[in-house]
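Going by the order they are written in, the chains are A, B, C and D; count residues from 1 in each one.
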Amino acid sequence: MLKVAICGGSGYTGIELLRILAGHPMVEVTAVTSEKSAGRRLRDLFPHLHTYGSMIYEPMEKERLLGKAELFFLALPHGASQEAAHYFFSMKKYVIDLSADYRISDAPVYESWYGTPHQFPATLQKAVYGLPEIYRNRIRKSRIIANPGCYPTGALLGLLPAVRNKIVDTGSIIIDSKSGASGAGRKADVAVAYCEVNEGFKAYGIGTHRHTPEIEQEISGLAGKKVTVDFTPHLLPVDRGILTTIYAKLSKTISQDKVFAAYHAAYKKEPFVRVLGPGVYPNIKNVRGSNFCEIGLKLNARTNTLIIVSAIDNLVKGASGQAVHNMNIMMGFEETEGLSSIALFP
Amino acid sequence: MLKVAICGGSGYTGIELLRILAGHPMVEVTAVTSEKSAGRRLRDLFPHLHTYGSMIYEPMEKERLLGKAELFFLALPHGASQEAAHYFFSMKKYVIDLSADYRISDAPVYESWYGTPHQFPATLQKAVYGLPEIYRNRIRKSRIIANPGCYPTGALLGLLPAVRNKIVDTGSIIIDSKSGASGAGRKADVAVAYCEVNEGFKAYGIGTHRHTPEIEQEISGLAGKKVTVDFTPHLLPVDRGILTTIYAKLSKTISQDKVFAAYHAAYKKEPFVRVLGPGVYPNIKNVRGSNFCEIGLKLNARTNTLIIVSAIDNLVKGASGQAVHNMNIMMGFEETEGLSSIALFP
Amino acid sequence: MLKVAICGGSGYTGIELLRILAGHPMVEVTAVTSEKSAGRRLRDLFPHLHTYGSMIYEPMEKERLLGKAELFFLALPHGASQEAAHYFFSMKKYVIDLSADYRISDAPVYESWYGTPHQFPATLQKAVYGLPEIYRNRIRKSRIIANPGCYPTGALLGLLPAVRNKIVDTGSIIIDSKSGASGAGRKADVAVAYCEVNEGFKAYGIGTHRHTPEIEQEISGLAGKKVTVDFTPHLLPVDRGILTTIYAKLSKTISQDKVFAAYHAAYKKEPFVRVLGPGVYPNIKNVRGSNFCEIGLKLNARTNTLIIVSAIDNLVKGASGQAVHNMNIMMGFEETEGLSSIALFP
Amino acid sequence: MLKVAICGGSGYTGIELLRILAGHPMVEVTAVTSEKSAGRRLRDLFPHLHTYGSMIYEPMEKERLLGKAELFFLALPHGASQEAAHYFFSMKKYVIDLSADYRISDAPVYESWYGTPHQFPATLQKAVYGLPEIYRNRIRKSRIIANPGCYPTGALLGLLPAVRNKIVDTGSIIIDSKSGASGAGRKADVAVAYCEVNEGFKAYGIGTHRHTPEIEQEISGLAGKKVTVDFTPHLLPVDRGILTTIYAKLSKTISQDKVFAAYHAAYKKEPFVRVLGPGVYPNIKNVRGSNFCEIGLKLNARTNTLIIVSAIDNLVKGASGQAVHNMNIMMGFEETEGLSSIALFP
């Protein structure tokens, strides 16, 4: 049994890790931290975690945690992860960082979007961006993974085959994303109060959201040149799910069938991506609680535009499920171990 | 008191007309029709309409209705309105048609998108597209109004100042819209069942939605040339509201301040459009139950793109409220009569 | 025009007062206070209040406010209202207190449930419990009104005819209430975060909720003897609405028809209560945004039990609408002035 | 591998069986029927069932199905199950009937509530009511199980220890239940349309719901005498979950601690029931997607009443999960096999 610790276990991604790992046969969770809930039982905060019995939240004391686990999931706020990830990595542990701290490989770009310099550029260079559909081989050999952001996961899986196969003009990419409220985290904030979100819908952070450089970095990598995108996030009145609608002008004459063929070829061996048939489009409800990504496609001949729609559960494929997937790859487990549940529908 | 009849009064737009008109001091509703509920009291189907006392749904018998009212609101299904609108108009009545039947002035375009020819081309030429922010003067002199579709209303109010002022490249317009479930109408259909829509979100009709030619017709009119757009509707798990996120490349170098100035100039005298300040974006929750349209703007200098967001209540500004606004203009009433309620928040 | 001030105008009941009063032709809102938002425009916090133009939240400085208004709505937290109500009342102003501070006429009972003594027992004795359906005549002559709690309003309107007519055994009353999330107020608290409330449902404060003594006080008054009740509140995943299901054993043999007759008789002149027919039950959706209370009845002969169901909008009939109703009565306005809107459905 | 068939696999309980069985290591689903979807792939109706590959809905031809499976789950409408259950049982198969047809052991009582006589009284006498917490030993030896109704499951688990231990007066039981919309089934019906259910809440079938005799039968069995109860169902705007609030007068002087002790004793060995601590109450959100039942208790000394609250997922513990639990018991599998997932929170 692999011993794992979860640093930051009282937020939504932390408890989602606990939910998934409770069903993972190769893993034992040996420590869970929470600063503000230290000393309290997991089940007293979250009754559904009763299967963890009398397990208690611990304070985040790195030295003490070190001996408790071989692999550390970091579900800490951005910024706080920098040092923790560096510490555990330097102490020869496996690290999967769910924050943004190790996702932007270019430290000045990180600093310009996150407002704080990166203290550990050497460690940053070791980190692998944990999107298995792009970096499976590098993940396999790595000990430190920067788990992708929720929005970038949906956007990149939607764009990957189109960009790799040079189907679209990368100067024309527009990414219109809609996320459920759990993406904002678990916090005391009027902005996420029930009556403010329910029956509402809005855009936010237009042109300034921090997931923008992450998307651009990876699209640029796939395209082999620097790409800039429009990215607009919206807040959906649902618990979970991200639907991303992507628009890009075709770069060449191509039939819709050929586009589908490119997508099927790209994902046929992927355990967690399913490409839907023509005229069928994803629904976040069909992936809720699962690690799957659904993709739908439409080539609009009237406007010479490819429209790509992807759906994921932001807490699973967009965070904790993908983190477990990365763990499975790193540790040589079956990739789908712990992640085979079907979506909860309805 | 103006006597009005509502043809098709048991759907969501019909009962919304009844709700609004109950507070309109110059109007008396003298007849309401419903084929399947004929003979039943309004309040037995809709307890909130108890203020209509013992008023009963009638069958749609045009000749008998003729003497009952001076103005006819038609909230009938597309296709069914063609003949009814023509009949009442030809009998010298005022007609406000909430269906799509008289919105597309080019009969072949109508036929190609709606699959049925237009039987009354002469009447079609008389109909005025009832978006007051564009056609107020023509509405004032008309007797037959094609009330705009819900999606087109949100899209056109968002685009109007940018297109009129040639701020954007009209070849690059992308309209990503999200509508609440009342937009699908009141019907027995698994697709709109609570458990199918709740906690879900999806795109539908990508590139094929019938509101596309309506948007293109009006944008073309504003631009003075034929414009084609990408339009993608989505289904939101809320009762009411349409948020529309529009992307268009700038056609020239312009500052964000000047864009705001163009929008403020275009709408400063409009009673139902409010342009929000920089960094503030619309929320459908802030217009729910009201006839207002909120507009937010962002000029993304990194990508040379103007992003416009508009929010309306699809049943009010997107349907029945706009219909009452058109009536007020046609009849010379105060434009805001019956329409001054503030949004219901939360 | 009656000049009114709203003390505590940035919570949900405060902004609901602003929404309702915006449509009241006899009233001018001259001041709105908020400690934490003092200096900010109403519309900057709440875009739907744009009709208030550049009106600004003021700090709660009683002496300065005194000259600005003749009537003061207090939407302050429990405890904070005690002194403010006393002050404005003693300065000869009209006071409508939406807090619980003046609802419990027995000061020791107040202290035992609210944990703090009442500082102004003389003023307390002057206050009239503002449920018009019981105290209309006393309200008319009063200058200080204790506006009823949301749960008590629904429970009392449901029970009034049954208790007054001695139809039920008052020793057997069980009140099972379900309230929308706005009842918890507008606050930064994880417990009311969207993802905690949405798709959830729970009971809370069983046997200990502070509305219990308020219900018991009024039921005891109607019964002419001391009555104790079971009251269980629950949290519904909706913005607005309280549905109350009440169970009481019959105290005598009576037909269901006679029970209906008693209810119709009790409420036939009431502008805001409607009794539904046999087999028809209230839905909070049918009263949303309106000042109406719907009541349904079932006499279960198998168990000798009367089941009463009432529905109100907790922010309107359960708070701000009832406060305006009380103002209308006190000032001699038409009772329905500003309160005639129909529910927003759907 | 046990071969199982699902008769009626396109409703919510049918697809929930498919979801659960997809993760059950001892079971192979060999046939799924649906009259209206016969010939279509499961995944074409329900994309989340893509793991069933190209499996197709079959028509319900009993003779042909007979050879395909050893155990038949019947998720058919009430009435339709009578014959199917009898047939497969008489052909020596295992039958788990999720309809109400075999739950009421007294055929005249069945007929009086369901309006149709029972055709197979001999088979009816063989059927065991499948609530493992009461009938585990009989289930183990049975070949035909009447899987309990969703409301009865929540009510009975709440009442079992109190009734068995004679803590409450069985003449005073009031059961106030609130169910999510999936309890109404998957159907084309305006009454379950999104805009009718969302933001609404109502009681229905007061005193007449068909689950009443089922609850009374089992409570009578536990009490050793005929018991009549008040049962009121309500419709919650959530997908899943039933919260049941039960009121009963104490039959004797007892401390709250002793009541808790009785509940802990009753359920300490039960894998799917958890009794919460004093002051902590269940939330349907904490059991969503899981087979767990949460129970909370409050002894209200002021009114001499025990208030019991239980929460289940109506589709899991209230239907398909309990059916799989019954299968596990009948077949000698580990009881928790396929049912160990934690609730999906948030």
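Please note the rule applied: a residue touches a chain if its C-beta (ideal position, glycine included) is under 8 Å from a C-beta of that chain, and two chains touch if they have at least 3 such contacts.
The shown structure was predicted, so the numbers you read here are calculated from the model rather than taken from an experiment.
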| item | value |
| --- | --- |
| Of all other chains, the one whose Cα centre sits farthest from chain B | D |
| Superposition of chain A upon chain D: rotation angle, C-alpha, nearest 5 degrees | 180 |
| Centroid spacing, where centroids are CA-atom means, of chain B and chain C in whole angstrom | 36 |
| Distance between the centres, which are taken as Cα means, of chain B and chain A, whole angstrom | 38 |
| Residue numbers of chain B (touch at least two other chains) | 12, 182, 195-196, 198-199, 237-240, 282-283, 288, 346 |
| Residue ranges of chain C in contact with chain A within the complex | 12, 181-182, 186-190, 192-199, 237-239 |
| Chain A residues within the chain D interface of the complex | 12, 15, 19, 22-23, 46-51, 182, 199, 239-240, 274, 276, 280, 282-283, 286-290, 292, 294, 340-346 |
| Partner chain D, residues of chain C touching it in the complex | 174, 176, 178, 195-196, 198-204, 206-207, 228-230, 232, 234, 236-241, 243, 245, 247, 281-285, 288, 296, 298, 300, 302-303, 305, 307, 309, 311, 346 |
